[in-house]
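What follows are several structures.
Below, subunit A partners subunit B and then partners subunit C, in two separate complexes.
Coming up: the complex of A and B.
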């Protein structure tokens, strides 16, 4: 390693080219800042290369495969139901390459300087970038740390062979596991369980005995029902005891919620759940940056850390580990650096799961609304009553709306059912606009379409959904 | 259940006024989430949550001033019961678990705080761009939904009136109601400090004039050489040199023990005019700093004071205070001493005036007036005049500053 004697000067340096980092870079360029982005691996970060995007290729494929029966109803498709996972992996690589080169050319067109290498902090206004034998020193006015997070193994698992899979490894599989054991109850675990079941694997889910799925209570119940219907077995674990990995399979031993020791064997174990911030390698802690109790960078509303030259966005700041949040924070950080007033409010960030069918949860759940002491009004519209759901053979699921009876302001919208992810945009906007019931009932809705389900769910708050069984006065007050 | 107490945020703080809660009963809070804003005598500080959990009770009302150690609110720790039940499991794993900072996915509901702003994003932007906390704006709609009009009304210093069944006839005959400004926070603290100082210290104010002509010339030369230093840095340096010769003005009267404490540190407070009121950031150990360093410190601290970003230690332990009001345009004042210090000096506007030089010619000079308030219990007029004479001689013949270089 040759230590450069001359340090180069830069205005704004962004460390990490994930969705938060590259969005911040492009927005920074749009605001007239001169931006340098440093990435040690591939542009797009975990999200594009190992996370959101590859997992969605699998969930998308799983969704298509689950339509086989319906396609036959429409006079298409064959019974043999072929699935070649190698082809899917090729397709995945193609999509990721295409998206990544899109990001790279956008950075290029926005005149963002991209430097490859590993960053270490030398001072609060100076970093070193190591790339093979080269070591360059950069001085900056501001830096944004956008280095993301990495999954960590439960401490019980001491050794990890290729049958134990972490989130970034699951979607690299080139064979469909015979029996996939999924340990975890977050959206990543749920998506993995749901898609691999649809792709032909036997799936067992092991969740903590106290864990609840991260959605509204009715959706959690429906999801449990659907998992059972699809023969996904859910085990409740009181205590994780051991794993035993062999050449041919893996066993997982745990204490059940009934206090009995149980062992299940499968071909693969997928572990989801805990992540830690990628901070250590940066060597930033020795400059006295203030961390949260959980070890993440503490930032203010402008994403500025306790060291004024250093900003942080995304996973390294703690909270939900989601690209949505990183992108928003990245834009806020550069806007603040460019002198604008900014604000990031995560209250109505949607919780999404690309399960079959997909799920979205925004705002208060029914239980939390009641805990707040609101005069709660609830309506649940079953998609079975939606014409388009019948046409497309996607009748599973419902839309649930929670409002405050006193003010008629909508407090939460939740959906499990086809189109939920796309519909979530409307849900979020309505909550951000502080919409009242009438604000949803007044507009026109395309017919036939899933979107009519939202209208009917809101009409149902006062027992006036058209495609639902009449509700008595008594029932209305207790829904 | 965990008590959140008012703790000593800055050195020597004994009490604080609760000015704003950032959470309400029933809110879920995360570790390090700001809970409450507390006004101390010099700054507004946020107390953060020591744990994740739910706010169960708020004990102290907004506006109340409480002593350090008072419990402000109670938080029910997340899954406390569960932790007990599972403790035997955790112990096995805890050593390793605790060493690695991490976050668990899929636990949205207990950890995400729900604090909703009932206003459309564009309405929030208007508030943000005008430096208004949207939560301070009252809605005209009884449901609490804040509109753009509500924000604009707030900008004009008015609030929406949401009281139901207001009798409109009453407003027609009533007189114009004066606009109210709440008397609290920094404003109230300034009031308390000033009252205490003026009621305790017998103030004397002594005025003098200082010929700045030579200093200005020297500054111009320095500027030509690429060294740009503000006048105030020179004034502060000269002041500290004079204070070393007259330590009685860098002192504190300890009446209780019948003694005067001559301070060995020279920490100079810089009275700074900010939007929220008078704030005094402190340059520490000025006697050990070069004029250039002082210049840099003044610049940084003033900017921080104006932005409200001063840290507690940057506002503490001043031994003498300077109020540089000249740039604002004043020609004289009877300033109030920053209690418990002994003296304060205000520098006023420098004006071009005809002066008589050593050759008995009338020439144009740059004359600055100064007002020095001092504690007559501690020092007398003669000493104060000797002090400002020493100060004036350093400024009028700035090359003398050279002799005091460290």
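Coming up: the complex of A and C.
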């Protein structure tokens, strides 16, 4: 190994080139900082290479696949029945390569120094970077840890063969699984279940005891209904005892509430669930950095850790494992390092799943609003009453709005239905701006369009949705 | 003819069952008014039966049709090449029938009296309704005129055969026209041009002298570029002299700026353009109602005309011929009649076209912002830099944001690109709430998602878009 003779000096080092890391690097450059970005694998991180992006490519394809009958209605002739997952995987690789090379170009254009290698902390202001036979030492003024997280294999899985799939393996399959068992209840699990079902797999979703989907209760219920309608099987409240993987398939054993052992068998098992921060290899713990109870880096509102030279963003800071959070925190960290006032508030982080149809949940659920003791108004507008939903053949789902009757301030917006992801920006902005019901009712909305659904959901809070059955005064007081 | 012996008494009569009329009727019922709705043709009016809805069904189908190559990339096999417009027309009829029967059910459920027939005013508080051999007289406390508008045939068209098409004829064609000439520059013309081109027609757009597309200048330019890319021919600044329709086609003659006569020939001509209010047949003018210079009913902020018993909404009041305006005005009119305070403000009416890709323009264009003497900041974010656009194969277009540097209040948002219509609600809400740049930058946006494009457009106002080439201080001051 060649060890650099002297340590080199840098201003700001960012460890990890995922969406949080590279966004922080570029914003740092925009703010006039001199930035060095260190990545040991591929730029773009788990999100771009193995997680959110491949998952969205699959959900996008699945959405298209599910429209075959609708296309025929529109006069398009038939789509032949073949679906070639290898082509989709090729498309996925092409898109990811494009996006990754875009990120690399942006870093170059912004004069960000990119270093490849594996980082170890040598002091609170010094790291070593190992790359093959090369080992370099860097001193820095500030460092941002953006190393992300890795999946934790459930304890009942002792050994993992080819039929047990982690996220980075699921989107590389060369054949559509015959029967995919999805274990998990987070958005990655739901997207995998929804898209592989649409792409032709038999799908069973198995959910641990006590676990629930991460949305408003009505949405969770509707998602259950729609999954069943699409012949996805859902098994809930399971206490797993064992997995058994053979050459030909996989069997999960679980205990029912009557203490009977049952099994479910499939061709593949996809495991989505808890993740652990990628911290250990950094060797940072020996410098006394304060961690949370769950082992994540404890940071303040500026993303600064207990060690002033060290900042942390994204998955390593705990909380929801979402790129959107990492990006926001990354921008905040560099703004703070550049001497700007900054603030990250996760209150109105949207929870999103690109299922068929997609789901968005922002702000308080009905239950939480009631728990807070608000004078809750609730309205649920069925997309069956929306003209554009009828035109496009996407009548499933609804928009649910929760407001506080005293202030008329909107508290939560939850949607399952076509257009939800595109409309989610509006939902978050409205909640951030503490919009009142009138702020949604006053504007003009494209006719016909899905946005009219939000308008009608809000009009429905006082029984004035146009395209919904009339509500009596009595009903209104009890919804 | 059987004439009703005595005049019958009603509270509120609404003349016309288009989106403005039926929305007003339902809202009126919700507010406790007793409502009678009179329609001489089909419920839903021009919008539902002949205009916006059929146009959106065609643009929707065209959008799907244009994705054939993308579907193959996703592994879907081939869509056979046949396109059967008859099937699409059948689908259109089915959807419209569904929507119309929905509207009729809602009226029934809201206990709205529906009367069929042709209305003539007999006094400022009395009308006659003719239906076949039946003639009934109604007295009312208030009436709302919501009779809409009809297309005006351009003066150079003396006679109209089957090859000259008005909106209600375009969406009934049993064959895709070989070469469709579209005359017009409004959203209906653009949607027709865009969708028939995608459905297989050769399309030429011919635009009168001085006419321009109704969006921000950059969007108009991009639309031109994309139309050309899709092999639509655009002929601008034409002075038409004659049309000649034969059994086999149609020829337009126009004069070039060099006073040379030229011609353009096609198989069909679609004419979109100016419309006149449907007022004459009502015989209302003889009661001294005040009209605007262009012959529309003059109304105040409550939609009340110069005759206190008479209100008017939608196309008969002039201005943009849009359902969204009629709906808003209809709700305002009944609210006012029910004694509520009300207000209609058309400032932030979105201008929308479901072209491929779709377009939305809200608020000030760059030019108008400059004309107003604002300290204009402009930023244009190309969707090529948006991850979700790359995933979904929809990289064309951009989002353009205009703000005032002094106040940082957003003045205009203009988008050409996938997701524009779904995001338009957000644009209008932001402008209505006088959002500042920070109000768009602070929230969290789905990653990956089109909403990130809006965020980056706003970040770009001060050169801080992440996924765009770096901007120098100098460039920034001149964009």
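Criterion: the second predicted complex is superposed on the first by the 471 of 479 C-alpha atoms of A that agree within 3 Å, B and C clash if a C-alpha of one lies under 4 Å from a C-alpha of the other, contacts with A are read in each partner's own complex, and residues count from 1 in each chain.
Keep in mind that, in the parts below, contacts are C-beta pairs under 8 Å (C-beta built on N, C-alpha and C of every residue); 3 or more make two chains touch, one makes a residue touch a chain.
All of these numbers come straight from a predicted model, not from anything done at the bench.
Bringing the complexes onto one copy of subunit A puts subunit B beside subunit C with no clash.
In the superposed three-chain arrangement, the CA centre of subunit A forms the vertex of an angle with the CA centres of subunit B and subunit C, and that angle is 110 degrees when rounded to a multiple of 10.
When both complexes are overlaid on chain A, the residue A:433 reaches subunit B and subunit C alike.
With both structures placed on the common chain, the touch criterion links A:292 to subunit B but leaves subunit C unconnected. By the touch criterion defined above, A:394 reaches neither subunit B nor subunit C. Contact with subunit B, but none with subunit C, is seen for A:368 once the two complexes are overlaid on the shared chain.
Judged by the touch definition given at the top, the superposed model places A:189 against subunit B, while subunit C stays out of reach. Measured by the number of subunit A residues touched, the leading partner among subunit B and subunit C is C. Look at A:83: by the touch rule set out above, it reaches subunit C but stays clear of subunit B.
Of the two partner chains placed around the shared chain by superposition, neither subunit B nor subunit C is touched by A:268.
By the touch criterion stated above, A:323 is placed in contact with subunit C alone, subunit B being left untouched.
Between subunit B and subunit C, the smallest C-alpha to C-alpha distance in the superposed model amounts to 5 Å. Taken together, the two complexes place residues 345-346, 432-433 of subunit A in contact with subunit B and also with subunit C. Contact residues of subunit B toward subunit A in the complex are 26, 30-32, 50-51, 79, 82, 86, 89, 93, 96-97, 100-109, 112-121, 124, 128-129, 131, 142-145. Partner subunit A is touched in their complex by these residues of subunit C: 19, 23, 26-27, 29-30, 47, 52-53, 56-57, 60-61, 64-65, 67, 70-88, 91, 95, 98-99, 102, 106, 109-110, 322-325, 327-328, 345-346, 348-350, 352, 360, 385, 387-388, 390-392, 419, 421-426, 428-430, 432-433, 435, 439-440, 442-451, 454-455, 463-464, 466-467, 469-470. Interface residues of subunit A facing subunit B in the complex, by the touch rule stated above, are 149, 152, 154-156, 184-189, 210-214, 238-239, 272-277, 291-296, 298, 318-321, 341-343, 345-347, 351, 361, 364-365, 368, 371-373, 406-409, 432-434, 436.
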